[in-house]
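Accompanying notes for the structure given below.
Lettered A, B, C and D in written order, each chain numbered from 1.
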Amino acid sequence: MNLLSVITFLPILFALVVWFLPNEKHVRPVSLGLSIVHFFVSIVLLVKFDISSAGLQFVEQTPWVQSAGISYFLGVDGISIWLVILTTFLTPITILGGWTSIQKKTRGFHVSIFVLATTMIGTFLAMDAILFYVFFEASLIPMYFIIGIWGGKNKIYAATKFFIYTMLGSVFMLLSIITLMVLAEGQLGQMSSSLLDFYKLDLNFLPGQFLSTQTLLFFGFALAFAIKVPLFPFHTWLPDAHVQAPTPGSVILAGVMLKMGTYGLLRFCLPLFPEATAEWGWIFLALGVVGIIYGALVAMVQPDMKKLVAYSSVSHMGYVVMGLFTLNAHGLTGSIFQMLSHGISTGALFLLVGMIYERTHSREIKEYGGLAVVAPIFSIFFIIVTLSSIAVPMTNGFVGEYLILMGTFMVNKAYAILAVTGVVLGACYMLWMVKKVFFGPPGKLIKDFQGKNLDLNKTEVMTLLPVVVLIFWMGLFPGHFIKYTKASVDHMINAKQGYYLKIEGRQKKVATIKYKSTRVTR
Amino acid sequence: MLSSELLHIGLNHYLGLSAVIFVIGMLTVLLRRNLIVMLMGVELMLNAVNITFVAFSSFNQNMNGQVMVFFVMAIAAAEAAVGLALAVTIFKHYKEIDISAFEQLKS
Amino acid sequence: MNDSFLFAVLLLAPIFGFLFNGLRFKNKNYKLAGAVASVAIGVSFICSVVLVIKLVAMPEASRAIHVHFYNWIEVAGFNANAAFVVDQISAIMILVITGVGLLIHIFSIGYMSHDDRPSKYFAYLNLFIFNMLLLVLGDNLLIMFVGWEGVGLCSYLLIGFWFTDQEKAAAGMKAFIVNRIGDAGFLLGIFFLYVQFSTIEFSSLNTLATDLAASGPLGWSHPLVLACICLFVGACGKSAQIPLYVWLPDAMAGPTPVSALIHAATMVTAGVYMIVRLSFVYMAAPQVMTIIAVVGGLTAFFAATIGMTQWDIKKILAYSTVSQLGYMFLGVGVGAFMPAMFHLMTHAFFKALMFLGSGSVIHAMGEEQDIRKMGALKKAMPITSATFTLGWLAIIGVPGFSGFFSKDEILWFTYASTQGSKWLWVVGVLGAGMTAFYMTRLMCLVFWGKSRVPEGTHPHESPASMTFPLIVLGVLSVVGGWIGIPHVISAILPGHPPNILGHWLEPALATANLITTSAVVEWSLMGISVSVVAISGYFAYTAYIVKTDIPEKCVKAFPRLHGLVLNKYLIDELYFGRIINPLIDISKGLWVYVDVNFVDKLTYIASDFVKSIGRLFGSLQNGNLQQYAMYIAIGVVVMLSFILMG
Amino acid sequence: MEAAIVFYGLSFFMTVLSLGVLFNPNPIMSALYLVLTMIGVSLVFFMLDAGFLAGVQLIVYAGAVLVLFVMVIMLFDLKREVYTFSRGFFTRLLKVFTGVVFLIILVKSFFLVPETKELLNSSTQMTTKNLAGLLFTEYIFVFELLGLLLLAVAIGAVALSRIKGGTHAE
């Protein structure tokens, strides 16, 4: 069986295992073990990956709905590989994050987490638009349950908002995919939903006009992904979802699910609609800049820690979108890097906020104060993650932000200068929170806990340690990560018009033969 | 020409009569509030249909139409029985036979 | 020894100390923590010395040791290598950093002996040294930026070291955020330079900029000029120049050795160092240099005026630092890169000395910082007092002491350089006069005169671990200036001592052309400034020792001016009132009115629209049986009419 | 000619009577009008040479069903109604309009049927015997099913009426 299928569907198998586990007490350790196994399986992918190639690797293609040209088509390249690893890396972390915070229906929770992992990995690996859509939408279901069952006070509202908002965008995407499939039938003589075929299409584009095929399709896709990212002004579901979601849910949501949006932009919008991207990209650059500043400003006045982190996500994802639409290698590399580092550092922030919430049952910033005295280890971790979040050099946040800003600067100086203020504002809101929560005299909450041990236990330290290691690894040796994406990014820049993807490796022959045979049978 | 058309009673006349009675029955069902009167409206409609059946049967020399009328009558009788039984039950339960009092199917 | 190895040890020794102390941060054994930290810095110092010796052995024209560890960020032509260089400029810096740093570490052992968390303190201090070394050794702008932000971070952590005090935590945050504004400027500067030259390595930048400047003067909108402005904003943030100086006085909330190390000797001079590093680039943008000179001169002047009115010993030294940094910027602004570096170095010696001295005083007074409660400490603390006197003589520029040579060189360039101006010289001399005033005032109030020490406080001399660094720095404050004796002076001295520093730095720096090189003019200018200093010093002595009612009278004569200066020209209030509070208000407005009540409302409106359509169709399903029957009838009618019509 | 007069007369009375069902606010009166309409229908059957059906019509409708109606009405002790017709002026109008349009469409559609001018009553097939023949040969299964249905209805009606509640609750 192909490696990618194994990586994608292993979690489903795990979910079944967990579901039929006789003793509910064993659910947590077994899930943790299985997710770590999954992580190591995905590391195999990293080891076997050929970094010199920009093409699709480990390709697997089997016809699914022949009459419509829909196939089960998985492949990985430099753009998606890290996102897959990020998912498998964060899954054990989330399971650890829910170790004590998830008290009811543990079995169902872990099943949800595993199903979610499958759908997310599937989204990143699917090279068939319909398959992508299926995974993209399916990921909503477990997340809906995670928020709706294990969430906070207002969970149903948040879950519904999250679901419907994202669903709304996806509808336009589905419409665009179907349009592309029909166009493929006209131009290639056969209906197909394979991305590789979509790349071959010649889409009509009229400069300056909104109602041309390419522009409409571009916005159809872009809207779906902009909501998922979320880009200003489609971001309002995010604070609600984050505040209500349980800690592991927030980690996955911020860590991976938001990246599905930016990944989609990178996989669909940029290569499929090059002219429209060039023409209308400024809107996204501008929205990215607005998102950066707006998210930072609004984060600055949040009374709730989780909300603050949620708005900081809006700000950080603004950077990613801005980087994507710079359309140069610096911006793209920076964006991919920033996706990873945001996944790690914001995920860690949510974990940390969750950990302290478990102890004090409050997230109100003003009720804290002087936490560093009673929880020194926690403070150290929190400050390290904060530094990574505000992009201090030598942590992961810096590399991505720097490259994005430089890429933007090379395209448009005004946007870059505006976006740089985000660097300052980012420091403002994060340090403001750190000051209010950790420093100063003991606050209302901390007084109640005086003398008790509020600090992290060993499990929590073990949860955070890999994250911190990665924060510094990515900050000090970004080359280890960038080298995987380099070929793909360069290819995307060089082949901007007429983007294509080659299929690499031994599967190549099989795939083409299969492809031809389907064509003949039609 | 017209007078002969009018005076010579053909199929269309019977059909017209049945149509008129059918519509009146239908309006009874639609307009009256009393459940029992509504059932009467249904009976009217069934009778109108019966007229049509018999008229076609006669004009086409086909007995099948009459057989059908036979069946319709039986079913009408059954329907009246069940309908009235239901009406009785409803009346027993609600002390009310006004159809607008029963709006439990609201969305 | 291998260069890479030397560099690695130089950089990693502090990191080792940081990790050692950081991982056992709860440990209260200050001796072990301090010893490890000091040894780590000592190792770095030895490496620095070895490197400098190696450098001296190299031929004059190519004195630079480059080391390349690995490619840090490498994307599409953009290369930021983890590469380091030690040349004439950074050689001075690493000696100062590790040397002064070592002394301050040793001092800290005594100073932090009563603290709860000495391990954490020394960990931060070592981390700072590491970052500072990165800053000065970086071979390209980005590595410098890494150190640049890193020292800002350490400064944040150390200012807020006693974080249970809300104000100290706030001071740390303020420092970091103001620095961040500068950092944003720095980043933009890097971008401008990269876009212009496609490289961020110092040596290439300097060459390319010189070539560019040779092709004619550059307009204001040229990327290079904009880059210089942006980088200068960065320097303003880090080196506390107008308008971003506000964080430095507040930064005195940190432990005093930290103030000595970070906020006097090393970190705050990073801005000067950066401009000196890019001297050729800046020479290509003379208009920016004028801005720098004006900003530097104004900072030197205004900070000195504020310094004259303060009562907190550390605040006085802080404003003095700002003022002296102003001098350095005045120097680089007029093209006096060598004198600026010279002043940087001598300032590091005497200001570190004075801060440590003040630390010793504060320690002895039981954490008291108000100079009105001191006086006559000379008897109680002879060593501190003696060394502090040396620092005082150096900073006010008494001939023969280090400060005299460096400051006078800057003033001479201000007057004589093509970039300079007589007005700037006047400002500089006035500043020097005020420096003499407030430093003499400090001496009078703290060490001389009558004792105003409150009952119950028994000042005592500090332990040897604290006095030893004082003595070393005291000596350096005196002799430190002798390696850069200007030509005019050396000409009349026996043996004509050479200007070692000037000679050493010359190949690495750009130099401004001087309009006049007349020795007579130089002597007379020197005479004027020395006499201004002497008069103002004497006046201060009179006012605070002989006739102690003079200050009162002056205050009474100009109450509003005094109030304004005492309150630091209300700059903090201005920033809070005009920038920070409005920004917070805007943010609140954005959140409440835009986010919650507009953007989110829009989604509600959309969903309400859908709901209302649903309600419309829902109203058809009203449960009325006859209504349903009517729908059937209508449906039949419609279907029939379709059948009949078509 | 006579046939025409009889037909028109009959049609007129039937229309008026059925309108009486529709408009009379007293359910008893409606039921009586319905009986008369039923008798009219059986006369129409006679005119169409369906004597057996006319008889059955009289027996089943006028005899059985209507008695049932009247009995139920008596049982409820219904008086003249205060609200005869359903609510809502607009809805009422729409209902009447629908009815009128429906009538027009129906009448119009008759002219699509090829006109059969003559009553072909010379045929010997239109006898009750033939009807019975058909019923008990070709339609025997349906006929039996109908019997089953009537049985089920009988049982069902009894069961429904015996549900406790209302006036019989005690």
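In the analysis below, contacts are C-beta pairs under 8 Å (C-beta built on N, C-alpha and C of every residue); 3 or more make two chains touch, one makes a residue touch a chain.
All of these numbers come straight from a predicted model, not from anything done at the bench.
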Find out how few touching-chain steps suffice to connect chain B with chain C.
-> 1
Centre to centre, by mean C-alpha position, how many angstrom separate chain C and chain D?
-> 104
Taking each chain's centre as the mean of its CA atoms, chain B sits from chain D at a distance in Å of 5
How many angstrom lie between the CA centroids of chain A and chain B, rounded to a whole number?
-> 66
Could you please state the distance in Å, as a whole number, between where the Cα atoms of chain A are centred and where those of chain C are centred?
-> 38
Residue ranges of chain A touching at least 2 other chains are none
Please list all residues of chain D that touch 2 or more other chains.
-> 86, 95, 98-99, 102
Touching at least 2 other chains, the residues of chain B are 26, 30-31, 99-100
Return all touching chain pairs.
-> A-C, B-C, B-D, C-D
Would you pull the chain D residues touching chain B in the complex into a rising list?
-> 1, 3-4, 7, 11, 14-15, 18-19, 21-22, 27, 30-31, 34, 37-38, 41, 44-45, 48-50, 52-53, 56-57, 60-61, 64-65, 68-69, 72-73, 75-76, 78, 81, 83-87, 92, 95-96, 98-100, 102-103, 106-107, 110-111, 113, 115-117, 119-121, 123, 125-126, 130-131, 134-135, 139, 142, 146, 149-150, 153-154, 156-158, 160-161, 163, 165-169
Across the complex, what residues on chain C touch chain B?
-> 618-619, 621-626, 628-630, 633
Which residues, counting only chain C, touch chain A once they are in their complex?
-> 25-26, 70-76, 78, 142, 145-146, 149-150, 153, 156, 160, 163-166, 169-170, 172-173, 176-177, 180-181, 183-184, 187-188, 190-192, 194-195, 583-584, 586-588, 590-591, 594-595, 599-600, 602-603, 607
In the complex formed with chain D, which residues of chain B make contact?
-> 6-17, 19-28, 30-34, 36-37, 39-41, 43-44, 47, 50-51, 54-55, 57-61, 63-64, 66-67, 69-71, 73-78, 80-82, 84-89, 91-95, 97-100
The chain A residues in contact with chain C across the complex are 161, 164-165, 232-233, 235-237, 294, 297-298, 300-302, 328-330, 333-334, 370, 372-373, 376, 380, 387, 392-394, 398-399, 402-403, 405-406, 409-410, 416-417, 420-421, 423-424, 427-428, 431-432, 434-435, 438-442, 476-479, 482, 486, 489-490, 493
